[in-house]
Structures are given as structure tokens and as C-alpha cells.
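Naming follows writing order (A, B and C), and every chain is counted from residue 1.
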Amino acid sequence: MKHLNIVSSAYRATIEEQDDTVVWVTHCLRNAGADIDMLLCGAAVNYPAAGQQVAPVTIGGRTQKHGPDVHEQIRTFVGNGSKVMAVREDLDERGIDHRRLLQEVQVIDRKALPSLLKNYDRVWHW
Amino acid sequence: MSKGKTLTFVLMDPPFEASRTTTAMRAIDAALRRGVNCNVFAYEGAVMLPFRHQQPHPNPVHGRDAAEEDHPLPREWVAGLMAMAKERDAAFNWVNCGLCVDERGAGDAIDGVQRGTPADLWKMASTSDNTVVVATA
Amino acid sequence: MRELLIVETRDADEHRGPERMVDLAAGMVSSGVPSTIFLTENAAFAARRRPEGLAASAIAAGVSVAVDHFALQERAITETELESGVDPSSIDMVIEHLSRGNCVLWR
């Protein structure tokens, strides 16, 4: 069964969680045996934008060791045979230069979404 | 038409923060009333929904004590859904994501709540007729 | 994909997401997949009749639009105020679609 996870929320609790938890759970589902791809839309299209850095946060003397690294999350996911796609119009609306995206991510047009979704047996929107 | 089917719901919102929680619970209630077997995978803040130590409180603005205010508690809803499933001979599994439980200190859940992992979500989804994710905003 | 149901909870006057969902549903209809939007919570505001409203544009594109009766009552929206073609419904609609194996996206 082919499965698509659509991710639209971004940078939500990523500092506390040290991961994007929807990208993370998508990895877990794949590790559990799911044949699964990921579509980034809305604010999540910024995830593949190069140059992101999260300095460890210190609050009340407690310094974080591992900041979130969403690029590593995407690269590992794609490296294991799954696809990551991003919606072109959402990138353009946010002024994101396509040349600055991780090469692992495929850009697709919003008008292609219906035929994309039809290729999957299950679609979950997070 | 629905009776005998199995549905899986993924919840993410913690209690008392989003109307999405109530809407999702209404949907699960509707499913169980039809005799649909239900799985719930509680991810992130939703692991607090069946937390044992939720307490009702009075409402001084309205001049009601705790009993009069009769504040609904999500753990009561979860317990009620479990009981309703039994009455209707439907299966009802509530699985809290274990890592989400740990980081929130939510380990003390009401009886019947199971601890699991995203692999359990995959197992539930794979053996269900359908699955819906009610993600947080 | 046999059919699509979008459960929309967001206020279309506050978010752009509901408009995107209408576009998606319209695109699915054009590609042969019957699609419905179920408005609940603050998305129920979009069920009210208004010029160039989201509900009207969805219906014009062949998308079925239903609204949660519970959400209407909560917001004092009467059935006489609804956009023509919007069907008052209940949360059971979600279970019906899920039980039929349809794709249900909850936004």
C-alpha cells in the first residue's frame, strides 16, 4: 500500500522536540514497513531551504545539546528510498529561491496535486 | 454499513486547547455508536487526554462549586468511550505514544490505556479499514 | 481514490488554508474524484451566504459542501442563512466516508 504524508505545519515545537515530529513519525512509519513518501506544503516548504541553523537554546542555565536538524531528517528519509516533494506555489509565495533547496526534494506544481494524490492508496494530512 | 469496520484515529492536541479534540471525540463516539471498532493513537499532547490526575474545579465567576460546574474531563470521555465500546461489542484500543508520554510525564493514564510506539500506529493503520489523522494546528 | 472528504475546521477569513482545500477539492472533482468539504468548528462561518463566498465557489466547481449542525447551532447560524447548496449534516458524515474507504483529510 503506497502512502503519502502531507506536512503543512512547520517549526512547531521543533526546538523542544529537537526534530520536526511529523517528519520524525514519518521516518518511524517507514522503518515499521510503510511504503511512504512526504509532501511539504504551506510553511513546511521552507524545510529544504539551505542555510538554516539552529543555535542551541539556553534557558535558565540549561543549554540544549542537539538542536533540530530538519535537513538531516529529509536527507536520511530520501536516502532510504522515499520521496520528498514540495509545492512550487507555496515556495514562490514565500519568496524561496528554488536553487537554494536541498537537491533531494522534488518541486511539484499545485495543479499536479490531484493526480499525485490519486497515486497513493492512503493520504494523511498532518 | 459501518458496523464491523475498524477505523484508526490519530490525535495530537492536548486537552483543553483546541476544539479539534472535542470534534474528534464526537467522531469516535459516533463511530462506536454504529458498532465500528476504533483504534486511537495518541501522539504528542494527546497523550494527556487520558491522564489519570485531571481534576474538576469550581467556577467562581459563575458561583458554581466543582460539583455544580460538572466540568467534563477528557479522561472521563476516554473512559466513557471504552465503556460504550464494551456495551456495543465493539473493540476500542487507546494507545499512547510512549516517547510522547515520557517527555510529558503522562505515564499515569486511566486503566485500559496502552503504551506504544509509531510501529503500533502502523500496525493499527495496516489492519484498519481506514485511518484519519487529526493533526494539531 | 474513490472519493475525498475534507474536514475543514479553520475560519476562512483568518486562514488561507481553506481556500487551498477548495482548490484541491475542485481539482479532484475535475480529475474524476467526487469530493466533499465538511465544515465544522470555525469553518462553519463559511457556510453563511455571502457574495463570492468560499462555499459558493466550491459548489460552483462541483464540490459538495456540508456543514456540521452542531457548529451551526454553536454560532447561531440558522439554516435559512446558509449558502444555497450547503447541506446541514452531522459528524456521522465523517464516519460514513471513513467506513466507505474514502480519503479523509482533516484540516
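Note that in this section a residue touches a chain if its C-beta (ideal position, glycine included) is under 8 Å from a C-beta of that chain, and two chains touch if they have at least 3 such contacts.
Since the model is a prediction, treat every value here as computed from it, not as a measurement.
Shown here, the protein chains touch in all possible pairs.
Judged by contacting C-beta pairs, the busier of the interfaces B-C and A-B is B-C. The distance from the centre of chain A to the centre of chain B, each centre being the mean of the chain's C-alpha atoms, comes to 27 Å. Rounded to a whole number, the gap between the C-alpha centres of chain B and chain C is 25 angstrom.
Along chain B, residues 132-133, 135, 137 each make contact with two or more other chains.
Within chain A, residues 122, 124-125 each touch two or more of the remaining chains. Across the assembly, chain C contributes residues 106 that each touch 2 or more other chains. Residues 10, 43-44, 103, 117-119, 121-123, 125-126, 131-133, 135-137 of chain B are the ones that touch chain A when the two sit in their complex. Within the complex, the chain A residues that touch chain C are 6, 8, 41-42, 110-111, 113-115, 117-118, 120, 122-125. Residue ranges on chain A touching chain B, taken from their complex, read 1, 9, 12-13, 17, 21-22, 25, 28-29, 31-34, 122, 124-126. If you check the complex, the residues on chain C that touch chain A are 1, 4, 17, 20, 23-24, 27-28, 30-31, 33, 103, 105-107. Considering their complex, residues 7, 9-10, 40-42, 68, 70, 90-92, 94-96, 98-102, 104, 106 of chain C touch chain B.
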